[in-house]
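You will see two complexes here that share subunit A, one where it goes with subunit B and one where it goes with subunit C.
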Partner chain A sequence: MFQNRAEAFALVLPAAIFAAVVFLAPVLILLSEGFGSGDSWTIQAYIDFFSQSLNQTVFLRTLKLAALVTAASAVIGYAAAFAIVNLPPKGKGRITGLVVLPLMISPVARTYAWLVILGRTGFVNKALVAVGLSDEPIRFLFTETAVFIGLLQLFLPLMIISLISALENMPRDAVPAARVLGANWLQVFTKVILPLTKEGLVIGGTLVFTGSMTAYITPAILGGSKVLMLETLLYQRVTVANDFVSASVIALILIVMAFAANLLLKRLATARNKR
Partner chain B sequence: MTNKLFSPIILLLVLAFLIGPFLIIIAASLSAGETLAFPPQGLSLRWVLKVFEVESFRASFGISMFLAIGGTLAALILGIPASYALSRYKVPGAETIRTIVSSPIIVPGIIVGLALLRYFVVPFNFGILFALFLAHTALILPYAVRVVSASLNNLQSDIEEAAVLLGSSRIGAFFRVVMPNIRGGILAAFILGFVTSFNQVPVSLFLSGPGVRTLPIDMLAYMEITYDPSVAALSALLAFMSLGIVFLAERFLGFSRYV
Partner chain C sequence: MPMKKLLMASAALLLSVSAAKAQEKTLTISVYGFAQDEFKKILYDPFEEKCGCELVVETGNSVERLAKIEANKADPVIDLAVISMRDALAAAKDGLTDKVDTSKLSNFDKLYDIAKDPNGDGMSIGYTFYASSIAYRSDKMTVESWADLLAEDVVDHVALPNVTTTQGPLTLYMLGKALGDEDPSLKTPIAAVGEKKDEIVTFYVRSSQLVQLMQQEEIWAAPIGRFAWSGFSKMDLPIKWATPKEGQSGGMNVMVLTKGSKNRDLALEFMDLWLSTEIQTALAENLVDSPANKDVKVSDEIAENLTYGADTVANLHLIPSQVAIDNQETWLSEWNNKVGQ
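Presenting the complex of A and B:
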């Protein structure tokens, strides 16, 4: 450890000042716009925002979709991560690589693929009609289901890799031991695996939840103006109505919810089992 | 054990869900037909070739490249000294500084873009391109600091102290002893920053003006007007580009150790 303060500041300040001026200051000013422009602070903008039914719907839909995507990715993630961890080392590396691979691909490209698959003349509809399961194409696009599928595909890899590292850190013989002692698979999961991998679940869960909540591309392409989420609503308020107050309100809601989710999940992870 | 049968099925389904759409994009981009479809109507390279002819794609590709390379370099120039100070010096308020520098990762990108547009571009007449450059630099900075810090923390500080004791200047010790040892980490930070910036949408959403647009934003705009397979072809090409970069990085420096 070097003690020279002047040197330390000279090295660290350019980055700190840059982030403060280019990033923190403008964002804080934007957030302050939601509390009135005059001398007195007011939460009127928040009251107005939440009194409109469209905004309520969008707010609840965003929470609901983010929660559903997180829950689904946790269930699928455990199954997939458990299967991967039990593979021989060579296969484990390869499959993990394949799971991570989509993260390197542009989210625009990954979301665009669902247009081809779920569209009116898309792959799924053609198959459904050909097999005779449906007489005419089913409408998938611009529904919550489409947005859900798109978000799940986007964020599932984050959950799987978090759970893989959690499962790998678990004592090897914990599961066989529980089995030998007579626990069924459900008990093994809830009493052994879950408590031992809680931290990985929390890290993955935070990434998936905040990622889904603040996603823009997926709801924009697969949801359109029919299935607005908070970010697409923000974009619409600004571009259509020049409404910066609503934008500021939505911005703070997004930031607060991201922090709240983070804290809540951390609390859950550190809460020790009573027994 | 049921696991023997269950595991491969689960893995197959998950991989099909994660990778399948990407394969479908590739197939759709090879279509000879006029509209986006899977299975493709005949095979041809016409949409792949068309990508290179669309004027706006060429321009926005150039802008995205500039931002990804320039923004990452700027973030490294700011981030490397900061990481060095945070890992080697007793910096008063180190935690606060770390929080400030990494804050762009916490706040949704769309808000950053909007804030820059509203308080930098409009009042001070900043060019859109310059604002984009600032935004992308701010966005990459947390990654640069995190990856470079990790590499610095893995490097024992005795060797620099030894260099200084043997008469090297502090700056000399940094460039001759520390830099060669954290080269891998810096390269990894560069690649991570490049991919992050190149694929970034929300930050750039509001920061687009006449003739200045990043490639992903341009693709979104193109998709709204036309339904031909050229966006699929472009998506496939970009995916191969990202994968190629990551593959080379993994091959030559074991990229995944750093990220």
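Presenting the complex of A and C:
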């Protein structure tokens, strides 16, 4: 597209400088706090962090919830995206709009709605008692279940959108062809749809996983300090203890986990492809 | 030589601007972020008018604000800060504050004794306090002791403050009294809470969250500071303020002067105005702060929503600042082990 590399370089330079000064440099300064005070580099802060059982619990819980939300959103997302892609154009636009709509509402408002819905006098409990599934209201709030539901609702649209665009790029005849050749729906999914849409799954999965791991508002409101996650722990360390070293340690852990999740998902996708 | 003239003219202009700046007095204060509209009307505007100076107000939570004072230690920006009694002692120990020259405060003698020198080091003056007790649904339960919070039939409708909040240690301290162990390590009450941690609804960080939980009947009781009471009393539910037999706890907020700050006289003038009967009465009537000035008189209806009166003040079980500072790490690690996970 460009005559020479210099032109392209010149075009990208302002953005690169901006990003380096206002994003990269502050992040590096912050992260460097976790490695000692400048005289000598050390990973002592990381050892200290992981040696405390509360931090281990919080780390594993964050990993577990993010993984569960990602898996659940993939399952629900494929079903929804497949249905949406096969709608007539007009309906497809409308439904996609509805899927995107929650993204335009503040996460605070959405999460507060869950606080009401999941409460002991909320809609879910009233329904459970009315149907006879439970004798008395169940406590959902401030449990991992509440955080899971909140995060799933928050990030499911990202998965659905990624999968819709992946499914749309799939050859139209692929599924009917597989069916004509005698494949059942499970085979169609694992041998045809999944390999052809893995890119979308990787993108959606990374967005959902990273989002779930780094979300603050949802775990703070629906989990509180009974269900601490890395992000709420980070906030607590800074605002309560003014402890920027632990905060920096947690920040780097979150960044590393996000990259690791992306790599892992890519690896899974290619492994399936080779088979 | 036009160039030389131009240079001289701009130099003269610069000089006159900085001279004008020097004449203009500025007082910088650091305060909690709440009720700033009321403070502006009742305290800040009248002060600016009186002193003919500019008042710069910085707000934020106490951790942020203290961190900023620490960072600007060499060249202080803040002249006067408003913090908790415990933070005041910590700041004094870190060499961030100066002694308050009370001879320059005409309203000093009007203060309750407990507010005159809360930490006994002459470095702070109390301007307001609050009681801490339990707000509870009187149709669902009774509260005669702090230990009633952990009673089997109600504990799954109770929210407790997290140990990291101001209310946290106060609640544990009173719970310890009720359980017959007043050791400052708070081990016994923390262990008692730890045993019931799965039943307790949540360990709250912000008292504002409790109003909704109470409204939704998610909780029936929670320990709160009196400053948060008005949100509960307005609800259309039978909610009462408990008077447990162990008494009520509480806290005090104080004013401190930053070490080496340049506008000392102005800061003392501001402090004096804030402690005056007139301003303290206005703040009380608007339910902003309970008065530390014993000359303040308010109606029964206002008093109901405040920590008001010599008897109330005398019966508050405050945690001494030194005890709080010495034990904070123990409390946190003990809590994290028994309750936090």
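Note that the second predicted complex is superposed on the first by the 243 of 275 C-alpha atoms of A that agree within 3 Å, B and C clash if a C-alpha of one lies under 4 Å from a C-alpha of the other, contacts with A are read in each partner's own complex, and residues count from 1 in each chain.
FYI, a residue touches a chain if its C-beta (ideal position, glycine included) is under 8 Å from a C-beta of that chain, and two chains touch if they have at least 3 such contacts.
Treat the numbers as computed from the prediction; the structure is a model and nothing was measured.
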Touched partner set for A:A19, first subunit B, second subunit C, both or neither: first
Contacts of A:I43 with subunit B and subunit C, given as first, second, both or neither: neither
First (subunit B), second (subunit C), both or neither touched by A:L194: neither
Touched partner set for A:F142, first subunit B, second subunit C, both or neither: second
Touched partner set for A:L115, first subunit B, second subunit C, both or neither: both
Touching partner for A:A127 - first (subunit B), second (subunit C), both, neither: neither
Partner chain in contact with A:Q236 - subunit B first, subunit C second, else both or neither: second
Partner chain(s) touched by A:I29 [first = subunit B, second = subunit C, both, neither]: first
Comparing the two partners subunit B and subunit C, which touches a greater set of residues in subunit A: B
Footprint overlap on subunit A, comparing subunit B with subunit C: 115-116, 119, 121-122, 221, 238
Subunit B to subunit A touching residues, read off their complex: 3, 6-8, 10-11, 14-15, 17-19, 21-22, 24-25, 28, 35-39, 78-79, 81-82, 84-86, 88-92, 97, 100-101, 103-104, 106-112, 114-116, 118-120, 134-135, 137-138, 141, 145, 157, 170, 195, 198-199, 201-202, 205-206, 216, 219-220, 223, 231-232, 235-236, 238-239, 242-243, 246
Subunit C contact footprint on subunit A (complex, rising order): 52-54, 57-58, 115-116, 119-122, 139, 141-142, 221, 224-226, 228, 236, 238-242
Touching residues (chain side subunit A, partner subunit B) in the complex: 1-5, 7-9, 11-12, 14-16, 18-20, 22-27, 29-30, 76, 79-80, 82-84, 86-87, 95, 98-99, 101-102, 104-110, 112-117, 119, 121-123, 152-153, 156-157, 160, 214, 216-217, 220-221, 231, 234-235, 238, 244, 247, 251, 254-255, 258-259
Of subunit C, residues touching subunit A in the complex: 61, 63-64, 66-67, 156, 162, 164, 197, 201-205, 209, 212, 216-218, 332, 336-337, 340-341
